[in-house]
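To keep things simple, chains are lettered A, B and C as they appear, and every chain counts its residues starting from 1.
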Amino acid sequence: MNQGLSDPRSSISGSAVRRGDQIFRLITVGSGILILALMTSIGIFLTWKAIPSFSHNSSNFFTESKWFPDQSTPIFGIAALAFGTFVAALIAMILAVPTGIGTALFITYYAPKKIAGAMAFFIDLLAAVPSIIFGLWGLQFLMPHMQGVAAWLDRYLGFIPIFQNRSDLYTKSLLIAGVVLAIMILPTISAISREVFNQVPRNHVEAALALGATRWEMVRMAVLPFGRPGIISASMLGLGRALGETIAVALILSAVFEVNIHISEPGGNTFAANIALKWNEAGPNGLSALIASGLVLFLITLAVNSIARGIIARRKDFSGA
Amino acid sequence: MKLTRIAIATVAIATTLSLTACGSDNNSGSSAAPTGAGASGSLKASGSSAQKNAMADWINSFQTANPGATIDYQANGSGAGVQDFNNSQTDFAGSDSPLKPEEATAAATRCSGNNAIDIPMVGGAIALAYNIDGVDSLVLDPKTAAAIFTGAITKWNDPAIAALNSGVTLPNATIATFHRSDSSGTTDNFTKWLIATTPSTYTLAGGKDWVAPGGQGAKGSDGVASSIATTKNSIGYVELSFVQTQKLKAAKIDNGGGAVEATSDAAAKTIAAATVSGTGNDLSLTIDRTVKDGASYPIVLVTYEITCEKGLAAAQSALVKSFLTFTASDEAQSALSSAGYVPITGDLLTKVRAAVAAIS
Amino acid sequence: MSTQLRGSILPKWFAAALAMLSIGAALLIENTTNVSGIGGTTALAVVLYLVLQTAWSFTVEGRRHAVDRLFATLIYSSFVAAALPLATLIWQVVHKGIAQFNANFLSHSMRSVSPSKPGGGIYHALLGTLEQVGIATLIAVPIGILTAIYLVEYSRGGRLGKWISFFVDVMTGVPSIVAGLFIYTAFILTFGMERSGFAASLSLTILMMPVIVRATEEMLKIVPADLREASLALGIPQWKTILRIVLPTAIGGIITGVMLSVARVAGETAPLLLTTFLSQSINSNPFAGPQAAIPTFIWDQISSATPASLDRAWAGALTLILLIMIFYGTAKLIARYYAPKA
């Protein structure tokens, strides 16, 4: 916005730089540098605390799935944590991305204008529900209701290993955690997609309809291509949230340090949930190991968020709409 | 303008709620303050979730008698309790296992160079709690228990279980085993029993962390108990008190001399036979878990309160002493049985009182 | 008849008829096979509806309309699929929370209440949450707003500004548990600070700051440049221009952003688990001693898992949602109050 205008400072202030300006500028620069320093110190501190665990580990940090960092011969690794984190997030994405886009399309192009606003508000409201409440609901309400679904998947799709259940236990599984995560990230995905769909140039939509396109053809030809970068970045931001989600997952999963591809069986663990369950009892090496796992999680979410931002920024540059 | 008024009203309500309405700590319904000076101050403690229900009752009685005192006990597991204590976050720890040598070293640093002592305060039975429809009585011996919890037996109608339970119809269902996911003294005591009685079946290491493969983890005694309560065909090891609060059933244990029901009385017999192995005022106990007399329940634990013998800040030390004196009193100990715990009795209780009296 | 402009279309009643047919068929199939439960039958009915509608429409209306109808149905059902769990969540919180939710619950603490017994309340946690979030706001708001002012008014794409901007983005992505882990290891273990309400505030500050910076930045950017230029042209110093002209113009949006960030952190549980020591009694001092908060109160009640404590957990959830709704409502009202009157 400001790019096209000349900088008012250079055009007006002239030679005399006033004292008040200097002080105020310093205060604002100070705040900015404070944030910079805070962030850097968090990074440096956590890295510094994480390093000792690498030399006090008789197993491989990346391939080991057990977690016994405080034993006399420490054995720990993030294999099970990484697997659980990705599987739960993947299930969440598979469910939430199409539903979120569908919801956004419904609100922007399908629902009657009168109720669309109220529905958008309703979905947005749910972005504000704290994760502990999603956890409580998942544990008390969803879990009993999900058992039938998991059993059905096992019975009819059990020939696919991931849906197979070798026991008859369907509770506390990655599948349920994934579904809860899907519900948690859905408002995020739907809200951002909706915003992008609303920005689709009116004349594109009208042109498509005027050419005799059906509503779906209009969506496919005018809305979706325009909204694609927005959809991708919305999904990435949702993914970022799913990866870092702690309490809901910690309440639902029963902590098991195993890589188990049978997603409807009980067990599994994630980076964040493991920190929440283990921080208190961790000795010096255990804490160091947890911080190392926290750093890995942080780097992953950072990468995901950066990709999302990159896509948004690129779109801003060339769309010009 | 209507909106502005609503806004003002909302803000006003929020402010009223938060600021002017003074909340109350009084949940007993009576406003009469007990007589006597009483103890005052604030204590923090954490650790063993096995003694959570006992602690809750004790704290309630103590706070009612001493309205100026506030005691907060976080049942975050024995491992966490010891860490919190050694990190100077709490004034005493509750642990179902006495301090290990390296923990004792760290505790001595926290107590400014003095020893930390293990004071046994609550006994308990570790029940093998189960949830199987239609099965009201179940007998297990060390071998089958070890096989179930290590995943060697996966179905309830396994011949090994059936052999111990003639006349009981066991379902052809997968056994869901629950263990503690946190570092726990209950796990330590349970695996000590397995190792003592059936070393050939349970070949894994003992300790506060559950190491056997398979099964499901749950946090805290309450977590294990509620997981069993909500999962059909499940079994887990949990302090007897939680079997009562969650209305579960507990297996009878046959150590070789006949099946013994998990009751406070049967566990008390095993605990009464324990010998003190600590030195001075440290009263860590050695328990014989291989007992086969057909009347003693063999899987037991004793929860220790761990604190500095000397070296806490004066005010904290006085309040810890005051509180532990209360918990070691006849009144507090006799209240334990009804909650599913085992009181400390006889000679040991005398030693406990002497150890508490020595705190300064 | 055959020369009409539009192709033949399905009559209006067809959707209703097809829906009835699908449900009937689904019920029939449920009775004869072992698909069971409301969920299974509903899913089956939806699939049947989709298949039948597409087939019917394809034969009567042609391919394009069949596809159009198929996707319309999918989009409608995706909204239902999104709204349904969310509606049950709210229904559950209200329905189960209302049992314990009363004046006594709001005005009493949990002091001397056994986990397995009913009674007690949330006052100590409500007080703790308000204080912790309040302190976090007091720290995060000035730093956040000043940083945003630097980014928009002074830096304008300078090198330092780019770095700060990047780090604010990085901060947005910090998982809340990692923020808690940082405060726990740095302040509590390394510097020997007590676990307290203030430690919780510090971890919440880390989560709030980037949100406030971003919200303020957006608002400052849309303040018209003409306003700044007019003010500067009158000889008013830049700092006064910012404080008297730019900020007041954007203040509505900024306050909304602050309220939204407050609402967001008020429900944070993970960092509080690591930084506070849960108390059952009232402690109005966030700097010393254990202090409760609503999220950790709920966590504690879920952990106890007795019927009485689960009732309290739901009532706590209702309290938390209401509190957050108050924050949100205030944000909306402020936004409306300051919105340019058209």
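A few remarks follow.
Definition applied: a residue touches a chain if its C-beta (ideal position, glycine included) is under 8 Å from a C-beta of that chain, and two chains touch if they have at least 3 such contacts.
All of these numbers come straight from a predicted model, not from anything done at the bench.
The chain with its Cα centre farthest from the Cα centre of subunit A is B.
Counting C-beta pairs in contact, the pair that comes out ahead of the other among B-C and A-C is A-C.
Taking the mean of the C-alpha atoms as each chain's centre, subunit B and subunit C sit 37 Å apart. Subunit A and subunit C have CA centres that are 13 Å apart.
Residue positions of subunit B with contacts to 2 or more other chains are 219.
In subunit C, the residues that touch at least two other chains are 189.
Listed in rising order, the residues of subunit A touching subunit B in the complex are 68, 70-71, 167-169, 171-172, 254-256, 258, 266-267, 277-278, 280-283. Considering their complex, residues 106-116, 119-121, 123-124, 126-127, 130, 188-189, 192, 194-195, 277-283, 289-290, 303-306, 326, 329-330, 333-334, 336-337 of subunit C touch subunit B.
Residue ranges of subunit C in contact with subunit A, taken from their complex: 34-37, 39-40, 64-65, 67-68, 70-72, 74-79, 81-83, 85-86, 88-89, 92-93, 96, 142-144, 146-147, 149-151, 153-156, 160-161, 163-164, 167-178, 181-182, 184-186, 189, 206, 209, 213, 221-222, 225, 228-229, 232-233, 237-240, 242-243, 263-264, 266-270, 273-274, 295, 298-299, 302, 310, 313-314, 317, 320-321, 324-325, 328. Looking at the complex, you find that subunit B touches subunit C at residues 3-4, 6-7, 10-11, 13-14, 17-18, 21, 23-28, 42, 44, 46, 52-53, 56-57, 59-60, 63-64, 70, 72, 74-75, 87-90, 219-220, 222-223, 225-226, 229, 245-246. Per the touch definition, subunit A reaches subunit C in the complex via residues 1-2, 5, 7-9, 12-13, 18, 20-21, 23-25, 27-36, 38-40, 42, 45-46, 49, 98-103, 105-107, 110-111, 119, 122-123, 125-126, 128-137, 139-142, 145, 148-149, 152, 155, 183, 186, 190, 214-217, 219, 240, 243-247, 251, 272, 275-276, 279, 287, 290-291, 294, 297-298, 301-302, 304-306, 309.
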